[in-house]
Every structure is written in structure tokens, then in C-alpha cells.
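Chains: A, B, C, D and E, in written order; residue numbering restarts at 1 for each.
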Amino acid sequence: MSVEIPRVVVPGQPIVPEFDTASHSADHTITQARKYLSGPGTTLSKIPTGPNEEVNAIVATLKGKTVISPKSKDKTSSASKDELPVNEFLVSVVNHQTPRVPLPKEGDYVLCRVMKLTSRQAFVEILSVDNQSSILADSGVGSNGSLGMAGGTSLVANVSSGSVAGTSVFSQAVGATNASLGAHPADLGESFRGLIRVQDIRATERDKTQVVESFMPGDIVRAEVINIGDGASYYLSTAKNELGVVLSRSHGGRGDMLYPLDYETMVSVSGHIEKRKVAKPF
Amino acid sequence: MSIIIPGDQLPVDETTLNSKKLTVGPSIYVDPLLDNQMTISNAGIFTHKEKKTKQLITVESSSKNYIPAVGDLIVGTVLGGFGEFFKVSLSNYKPPAILSYMAFENATKKNRPNLKTGSLVYARISAYDPNIDVELECFNPTTGKAEGFGELTGGTVVEVDLGFARYLMFNENNPVLEHLSKKCQFEIAIGVNGKVWIKGGDLVTTLACCQYIEQAQRLASGELEQLLKKLWKQHNI
Amino acid sequence: MSDRRRITGPESALPLVFAPTPNNQSTTKSPQEKTNSGIRNFFIKTGIVSNCNGSCFLEVDNTTIIVSVYGAKPIRGSSVTSASFSVMTKVSNNLEELSNFTSSDLSHSKEEKEEQKLAKEDEYVTTNQIGKTQLSLVEQKLSTYIQTAFLPSILLEKYPKSSIEVFINILTNDSHTNSSLLSLITWCANCTSLALVDSGIELKDMVSTGIAKLTDDQTVVIDPSYSNEGRKTVGGQEVRAVASYMSVTDTVVGLMIESEEGVNGEMIEKVIDGCNTMAREIRSNMNGFLVSTM
Amino acid sequence: MSEEFQLKPVSFSPEVLARIAPELSLQRHLSVGVRPCLRSFQEFKSVQINPQLDSINRYTSNQGISSKSTVLGSSNIKCGNTIIFCTITGGFIETLLPNDEADENVKEYEKIYENSEKQENNQQDDSLSNFRTVYPIIEIERGRTGAPTDEEMIISQTLHDTLLNSKILPKESLEIDLGLKTVDKDNNEIIIYPNESKDIDSSLFQFPRKYSFVLYASIQVFSRSGPILDAAWLALMIALKSTKLPCVYFDEKNSNLLNDISSLSSKKSVKTGVVNAKSGSQIICDPTKSHDLKLNNSDLYTTTIGLIELDKDFSVEIEDVENNEDFKALSVDKHTRNEGEPILLCDIEGDAEENAIGSRVVVIPDINTEDDDNLVSVTIIGGGSKVTKQSIQNSIGLAKLRSKNLQQQS
Amino acid sequence: MELDAKIGVLNNAGGSSEVSLNGIKVVCGINGPMEARPRQELPTTCYLEVIIRPAIGNPTVREKYMEDKIKNFLNSVIIGNLYPRQVIQVNLQILEKKNNNSSYTSDSDESAATEDVLLELNCCINSAFLALVDANISIYKAFNSNIFTYTHKGSLVKDGLSEAKSRHLVVYGIKNNKVDELLYGENVGRFSEKKLFMALERGEKESMILHSKLKELSVESVKQKFVYLS
């Protein structure tokens, strides 16, 4: 008998055992084994099936619809002849209603804003992952006054000045069980930090690349996460054609919009030219 | 002396400005968004210089806020050594500038300059981009010689308005230093960042010189002699 | 020192003191009808708060709770390999009843306990202080319980360098049904569970929570509320408990037992059984709700 | 454009564009006549005024008296997505009567008091000192902890000052006419109030001290999606309208009134929020009797209008868009505007609008008066788009319109 | 009442001024532009910090509220893009307030506290302008603040301090020797639309008059700075 796979699942709900040796032929002989792998939205865990009995199963971690897709066979790990042929399937749970929790991972493309430059690297703030969803559910705009900062391009720096009365609330609530000592809650509107080292800006002519000729503070840059980095920053790279500056203003943010001219120059409508590591528009 | 403040109109009419190639000095804001409209953004002395093919408008204003420019000669304080460079403070509460170990006379990888934290240097701004750290050098890169740059030993530093520092620097025969040179011997290094290093023959003279420079910026040239007399009397020199 | 970040009004102001309500005029609302399972009807809605990652509104009798989940969001200054998880509870300033909880360890000292008792007997009620800056004991207890219970259910390792923060807001609390702290914990926990699912944060399992009471005649009452189940008889023994489960793996993740007298193993077993029954019922309700929203 | 180069659009999801380039996002939307929030320019957010939270109001609970509640008034409104809860609570404050001769210090105080009384008499009736306000604390839930944000502090103060400046809460509304709890002939406890018992000797009600209420407001905001002042004010207004002040009596049993009443506010009571009723309080709120809070005017509403100029550099070719099916479904603003006049946007919402709109006009009109002087407050914040006379006039018009709508609704 | 002002009263500030107006005295000191703390850093512009300290006691929510009012328009006056990632601090210490012997805490003074907000703002704004010019911070335009009241009889008075039907604080920006735009207006009380615009018009006129006075002061202080040239 084949295992019935639920179409719609909630977190914690077992979807399918890890191994399914059930046959699908008429004579009920085992001709084929299936192995299910845990994909996005699922995890592999032990489910009690009776007293002192457990079975490994793929369990949903999100609410959503199940999607089972066959995994292309990997030849190097082909089973020996004695064993049954194993077909592998990837089980995942998708939900289009709730966007995924937008956390940058290695290999993700992110959009970020250049905050500060040094001669060796550009410091950025990661705004969104995959151009899908913003990192922060609440951008924090307006929290430090009745107007956001003038000029628009600048994010709000929430400096709710120092810490006087009231901050004790947090330490009381979190201090007890927060395992990560030394970590501070980010301010409203404060996002993940990233940095692009000078050698990660361009794929070619790395030695000649200069940070100030590639980015300017305030630029919006599309970059790839190459490393989750240290406690402070993600490590990002723009060394691909489609990566680099996507939105920029001239004169260090004072002027008008710049448009790509070629891979290393941008131009404003009035004809003003500035140097950038330009992302190939697509 | 034509003094203008923000809110004023440019004292030069547009046809004049359009007649020749125009260079706009600091304190006049040229707005790239508004057709390069010019606005008086700071208070100061307005000057309009015309030459054959070009003209220059500037507002000479005085403040304590130093904005670096390549080629400026400055007096800085060493904040410490980091890896391959020193960090040097040009003005308080501003990001420090970077002075490479290699930017000294006769410097090699092995022969590193020895500057202690807190010591003073006379240096030139070698690279400046508003978005990255300022870079300094303590030698003339074409000759490789120190030419007066480097550590300033002894003496003391007076902080003056930037306008006054520029005045001392660019007016060779300015009465302030003329008067002083008649009174005593001294060494002086003027930083356009508003720091003037001065060293007299002995400690008392240094002190007197120091007070003289400081007070001179608030006096008209006619009163300088009197100030000198007063100070020298005060210090029994 | 006065609070300089809030408008607290004149310092010389005194709290209002309300006289006890004469019995004949104090009409207690008839409790909401219970379902067959013995659990009060409750209303839930997810996603009502837009500026967070997930949220849930829950109403049971006159208690209303909003839980919002923020995260996984950036955290500063640490090289953590997994997310940190924290819970903050805020009881609306005006819910005075909560300070009258009998939970014995809520008061600091004997003296204060006496004072509370006295106040309770007289049922004089006063206004709360505006602009408190510290968590009340109730808020702390609630936060701690929920944080502890949900910690094992969240796949924190999927969210490095970040934090997941749960904010529980108790907007109104039932002043008629004498809701105890335990009851509040139960509903806050269930609301949190749905808010977490709504946020799309990956969970090993949903946590469902039940509450039960063992009266002195050894009967188990599920989801006890004030009027139909009555107060304990004088001198009688009563055990109240709240327990949270991850039902698929049948794990208890949170437990709190409260009793004035000593309790034995048998009693605990009974009362926990009651909690389990309720938690299962709640879980199936939540499952049904979630499936219906897809 | 003189240069020859091709501009290929880079596309971003609307939400992301609003965050990375708010100004661009807003200008692109406005140039085709819609707002990022898909409302039309001068369309206000829908406002839903929910029945007050009956169960928590002490005196209006429809299930009888809510015996433990200390809440005097409350409101729950929904403004677009934003949800606001507001509750009003109270406190006493003591004022001295001039005929108190018990204490030297009091006499001293009395002189000052009398002087200031005289001054006040010289003043017009509508002197600000004849009006009161509430002490609001606003909490905007945004997933953070700690001290209040600047916004929370500023809105609190704005509510506080605006309420005072609009002179809708006269001093007298909060004054307390003390009743007396005493024992009648049959030795039954009775409470008598001066206003309801004309046959009783009025000298009974001559108390050496005088009390007033102070009102506190607690405002909780969920799903903030833009500037919050208008909605917070509305919630406060509706809560005040629903507010009932308790009748207050003096309990003869605890009669030593000159005993230091300040024992009530001892530190202990502050900490636990519970007062030992036996020791100090002679001033007690009646458990059931109350009266409405009298307001001079309960139909004042603040309206914030954002001003923004169209920037031609950002505009989208309208033909490109008009063929789009989705676009046709939207209500599009094609108001013909005068050149140089900014666009007026009602109820600023979302990152793009909030970040990019620099100039604002905040108006409180009084729609109940026949008088010409029908404005209570106009605040103009310039610096973004130029604030023209026309735009102020239009803003006032819009504010009046919105106030009338809200009046009908509440 | 006439404005009375001094420029450069603080030696250690980047720029400073002291202004007395309508019984209120304010000293303003500008710090910066200076290096911002990481949390204040804005990539392309400066972070403007306005700090108001009351005449008596510690700053409260009231001062925060006033700071916000000033910050709102000052942000658009300062050419922030010239000072990216830096902080400019505008410190305003109120030295004397109208009712100097009370500390706005007792409840009868509460209405005075609210009433005086406009007067204090008025004085602070004018003081801030002089101090900004003294500090040589680049600004797009000059600005100043005036306060008007309508009496109960309906006449419009400048600086009318006591009882009034409505009160109007107007701040205009001045560029190229002309009134450029309305930067901030706070109108409270009971008034008609017509009265509002009359007050605003009056504000434009008075703004130019006040500007010429502030200019005179500024020019004099620039002369003082360059005294060594003479």
C-alpha cells in the first residue's frame, strides 16, 4: 500500500516516512524503493509510531502545500547491484501567502545600500533578498520624529538617544534565557550589515579596481552573498555582470538619477558622468 | 570689504557671470539639481576676480571646521600606529587621516619611522576623497626628501580660526609674523587646518609667542605692537 | 526620579479608589457556553498586524490578546550561529485585576502579601500607575513560560545572526471570570503558536497548551473559568496546572502547577491528563483553522 | 536626452522599490495618477469606529458594573490597517480652598493662591489656565523594547498640547463635588451627593479640601503604516466622549481629613498598585454612580495632508501604462493641476510616501461653530515642496470635509 | 518686544549666539560637523541633532516635542549633503523663561508650559540661525521666526504676549534677498481662514524686517572675525 501524502500541511505534521518500500506493481512485490529528502519547509525527524518505536519521517515546518519532485539521480552514489533501485524525491512545503522569512544565505542575490567606503572595502546595509521581500517587516521610518529624514534616500537612523529609564525592560525579559550573550537587539530600521572587499568588486582587473570608482555612499547595489561572514557583516561580491550598482544619484546623492552607460560609467540626464561598477540591466 | 550672508543675492549680475569661464569657490553652493543655481550658503567676504578669459567668485569665510583639500599643509597629532600606517588627527571630532609608514624620507619596509602617540607632524594632504580616509605624506614625493615635513619636536600648538591660519600662510609679509620676528627668534609651522605650531628659543618665549598668535587674530594690525609689548612685559622677557 | 520620556501628569496626583461593588448590583456575566469538549469558544484571526512578520488575535470571553512576531531580524554585535529567541509580554496599563493574582510568589514580601490580601478582601480597587518602566511580575512570568515552552519548537539553527522576537499584548482581560494567571498563560501560548505559524518561521511542531483544575472532590475541570466551576471550598484542596505539548512527538515542553497545599503524584497526573486533553482539542482546532486559511 | 544610449528598465517589486528608492517609487506612481497604497490622491483611509470595549469600562459595561475595572472610558478604532486601542483612567488631585485655617503653611499657600486667583479673574474666560488636558502615553508596537521612541514622545506631547490649546476640556469638568458617606437615623450607611439632595443642609458638604480629577490616556497602536497623529487623536477623542467620571464621596468613618492624605501615595502603593484602603483614603469613588465627562466640543479632528510636487524626471509615459489591464481597474487621478502647485495627499501611508513627503499641513477645524473663526489649529511644516496659499486653502477644505464625515460616523 | 542678540558668546562651540526676545533668553551653540556615531551615520547627508534644555530642570517630553518642530524644517535648510556621515548638533539652552520662578511642574503652570512653547520656539529658531551662520554651516537660505497674536478685538499684533484669541508662529526662509518660502507655521486658538492668511502675509513682511536686523548682526560678527585684515 502506498503512503498517502497529505496535500496541505501544518507545521509538525508528518508528510511521508523517509523510506517508502511500498511497491506499486500489481503483485505486491517490492520492486522499487523511494527515498524522500527534506526540502525547504520541511525537516527530518523521528516520529513515535508506537511504544518504543520510532520512524524517520519528513515533517512539515511551515503551513502550506506539499510539493514532491523527483531528484535527478546522482551517478556517483549509485547503489550496488544487490540493492533495490532507489528513487529519490525532494519534499518541500510552499506557501505563497506568507513570504519566506527573508534571511540572506550564501548564494543569494541581495539589494543593499552603500553606507560608507574605505580604500579597501565598501560597507553596505542589506535591504532585501532576491528582490522579493524586504529584510525588515517595519522599516522604522518616522520613529524618530514626525518627519522621516529629508531627501528620501536616507534611511532613518533611529537614535533614540542613549539609554535612560525604560531600557531595563529588555534586559529583564531577555537576559534570563537569551543564550547569545553580547548580542544587542537592532534598532528600529537597522538591517544586516555587509561588506564588499575591493577584490570582490570586479571579476576582471582586480588589481586596478578602486572602491571610490565603483561605489558611492547612497548607491543601491545588487550583490551576491559569498559568505555569511563574522558577527558584524556578511561578505558580498559584485564580481558578475549582472551585479553592481542598480540605482544611483550623481554628486554624492545631491544630484539627479544616473543611468548606466557602460560597465563602468553612469550618466545623468543632464550629461554628468560618474564612475561605477554598473550592474548589467536586465 | 563686501560681506555677504546666506539669504543674500550674489553681488554680481548674471550677464557678468556668464561672460567668462567661471570658477566658483567655497561657500557658494552650486545646486546640481536646479540647473547649477548658485546660492550663498555661508557668511564671509565676497570677492570677484576677473582675468582675461576667466573669472573667480569666492566667499572667504572663517570657521573652525576644516575640510581637507589635496596639497594642504597641515599640523596633525599622531593618534597611534595601525598595521602599516599612523592615524593622524587633523581636527577634533573628525575622522582621522592616514599617514603611511612609507610616506617619509628614506622610509623602507625595514626602516620604519618612529612616531609616538601624541607627537605632532607637519604633513601634506596627498589624497582626498570626501568618501574615504584622508591620506597624508611627510615628504615631497618627487624628490623623496623631507623638505621640512615630519615630526615637530618641542614647541606648542595654537588653535586659530581657519581664515586666520590661511591669512598667516598665504600672506608672506603679514604684519603678525613680521612684528613677532622683530621681537624674537622662532620656528613656526602653519597648518591650514587651524593649527599653528610655534617654538621659541626657550619655554617662556614659546609661551609668549603662543599667546601672541592666539590673541592677534582678534586684533587689527595697528594694535599688534602693543600686544607684543604687553606680553613680553608680562613674561619678563 | 520622574520619568522624563513619558507624560506622567502631576506628581501629587493620587490614584482613584473605588469602593467595593454592592453584591446586589454586581452582576456577573454568565460565562460563555462551552463546547462539548469543555473548552470555551474562542475566536482567532491571523495576520492582523501588518508591520510584523506574523501575528494572531485571540479572543476568549472578554480576554483579548494580540501576539506579533518579529523576525528573523538582524541582531547586533555577536557571531551567533543560530537565532536567539525572546518573548516580551505587555499587559495593558489599565488591567488592574492582574495585580490581584493570588499566585503566591507574585508578591515580594510577607508584608506586601498581607497588604494584597487585605485589599482583596475589601475589594477596593485603585488605578494603576501610569508609565511603568519595568515589567510587572505577571508579565515576567508569562514571558518566561512562553519563551521556555516555545524554544524547543523553533528551528533556530535555520536563522543565524538574527533574533526572533515575540510580543504579546494583553489588551483586555476578563474581569468577570476571575481569570487566573494560568488561564492567561494558556491562551497567550496558543495565540503565540498561531502567530509563529503565520510568520513563516520554520517550526519542528506547533505547541498547543491546555489548562485544567483538580477540585477538592477530585474531579478534573478543563479550561476552568470563574462562575460555572465555582471557587474552591474553604479549606479544600485545589490543584491547577497548565501544560504545553508538541503533540506529534508527544513531548511536554512547558508545565506549571499551582496549589496552596501540598500535592501528590496522583493528583499531578490527573490534572496533567486534563491539560493534555485540552491541548489536543486545541491542536485539532488550530489545525482546522490553518487548513481553512489555505 | 542628447546622448545615445539605451535605458533598459531594471525592475523591482513595488515593496522593495519603496524601500530602496522611496522618492522614485512615489514619483512614478503619482505621475500616472495613483499612490503606492493604491488610494487616490485625496482619498482618506477608511475609518471604522468599533463599539467601545464595553467589558472594560467600569461604568458603561452592558453586563452590569464591571466591578474591578478602573477604566473610565475607552475606544477601539481601525484606520486603514491600523488598529488603535485607547483607554482613559483617572486620578485625584487636591486643591485647597481659601477658607482653610487649619494650618500655617496652608495660610501661606492660600495667600499665593488668592493672588493667582485674582489674576485669573482679570483674565478672560478662555484663558488657557481655565482648561485641562489629559496625560497621554502612546505605545506604537513596532517590535522593539526599551524607552519610548521619539515619535511616541512627540505624539504624546502633541496630543497633550493640542487638547489643551483646543480648549475643549474646561477646568470645571474635572472638579469634584464631594458627596458624603454617613449613617442615617436607622444606622444604615448612606451616600448623599450635593446635587441630588436639595433638602439636605448644604453646609454638610463644606469640605476643607477640594479635589479634581486628572485623566490619563493610554493609547496602543498596532500595524502602524504612516504618521499616526490623526488616528491617535481620533481614538483619544472617542474615548473621551465615552468617559464617565465616578461620583466621589467622603467617607465619614475615616474622618480625620487633616491627616496627611499623602499616605495614600506612599511608595508602597505605587509599587504594588494596591492601596490599603483602610489606612488613608477618605475620598472614595462610588462603585456604581457616575456622570458623563463634559466636553465643550467633541467633534474636533486633526487631519494631516502631505504636499508633494511632481518631478518630471521620474515620470512614466502614461501611454505605456494605460494599456495595462490591471491599471484600468484602478481609480486614477487625472486632476488638472496648476503648474507649481503641489499635489495634496490625504492620510500618508507606506514607506515611499512617508519618506518622500517633506511638507505637511495639519488642520483642526471646528465644524460645529457658526462663527467665522472656525479653525482651532493649523500647523504647516515646510521644507519639502513649497507650501502655497492654494495648498493651505485646499488642505483646510479637505480637513473640514473629513471632520464632517467623522462626525457622522461617530 | 525688540530682539536683542549677541553672536559668538561661547568660545568652544563651532558657532554660538544668545538671543533675548519676548522675555525669553536662549543661548545656542553649534557643535560639528563632527564624526557621527555609527548609529547616526547617514550615507549621503548629515545627521541633525537638535537638543533643547529647559531653563529649570531636566529636558522632558515637552522639549523633545519642540526639538522635533525645529528639526523638521532645519533639515531642509542645512545643505546636509556637504556633510555626509557627520553630525551637526544644535544645542539650545533656555536661560530665562517668561515666568522664571516656576518650573512648569505645578499644575497651574501647566497651561503656561503649553502656552510658552511658541514663544520659546520663536526665540530658539532665531538664535539657531545666528549660531549656524557663526558656525559657518552651509545653508540653502536664511530664516527667521516671528510671532503674532489676534487680540479679542480682532487686531493683529506682533509679539502680543498676553491673552489672545489666536497665536501664530511663522518661519520664513529668505533667499536672494526675498522671502522664499514658508518653512514652518504654527497657528493655535480660534481664527478664520482669512485671519490665517493675513497673519502669514504679515509674517512675510516682518520676516524681511527681522532679517535685515539679523543680517546686520551677522555682518558685524564676520567683520570681527576678519579684524586682523584691517
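Quick notes on this structure:
The rule we apply is simple: a contact is a pair of C-beta atoms (placed from the backbone, for glycine too) under 8 Å apart; a residue touches a chain by one contact, two chains touch by 3 or more.
Chain-to-protein mapping (UniProt): A, C, E = Exosome non-catalytic core subunit; B = Ribosomal RNA-processing protein 40; D = Ribosomal RNA-processing protein 43.
Being a predicted model, the structure only gives us computed values, none of them experimental.
With steps allowed only between chains in touch, the distance from subunit B over to subunit D comes to 2. Among the other chains, B has the CA centre that is most remote from the centre of subunit D. Top-ranked chain pair, ordered by C-beta pairs in contact, is C-D. When each chain is reduced to the mean of its CA atoms, the one lying nearest the mean of all protein CA atoms is D.
Centroids built from CA atoms put subunit E at 33 Å from subunit B. Averaged C-alpha coordinates give centres for subunit A and subunit E that are 47 Å from one another. Between the CA-based centres of subunit C and subunit E the separation comes to 50 Å, rounded to the whole angstrom. Counting partner chains per residue, subunit E has residues 61, 64, 68, 72, 75-76, 84, 107, 110 touching two or more of them. In subunit D, the residues that touch at least two other chains are 93, 142-143, 145, 147-148, 150, 153-154, 156-157, 160, 214, 224, 358, 381, 383-384.
The set of subunit B residues that touch two or more partner chains comprises 130-131. Looking at which chains touch one another, you get A-B, A-C, A-D, A-E, B-E, C-D, C-E, D-E. The part of subunit A that touches subunit D in the complex is made up of residues 111, 113, 127-128, 131-134, 137-150, 152-153, 158, 160, 163-167, 169-170, 173, 185, 187-188, 220, 246-247, 256-257, 259-261, 267, 269, 271, 279, 281-282. Per the touch definition, subunit A reaches subunit E in the complex via residues 113-116, 145-147, 149-151, 153-155, 157-159, 187, 190, 217-218, 249, 251-254. Across the interface of their complex, subunit A is touched by residues 31-33, 129-133 of subunit B. Considering their complex, residues 93, 116, 123-124, 127-129, 131, 133, 150, 153-154, 156-158, 160-161, 164-165, 214, 358, 366, 371-384, 386-387, 389, 392-393, 396 of subunit D touch subunit E. Residues of subunit D that touch subunit C in their complex: 53, 55-56, 58, 63-71, 81, 83, 85, 87, 89-94, 135-137, 139, 141-143, 145, 147-148, 153, 156-157, 160, 214, 216, 218, 220, 222-225, 246, 261, 264-265, 268-270, 272-278, 281, 283-288.
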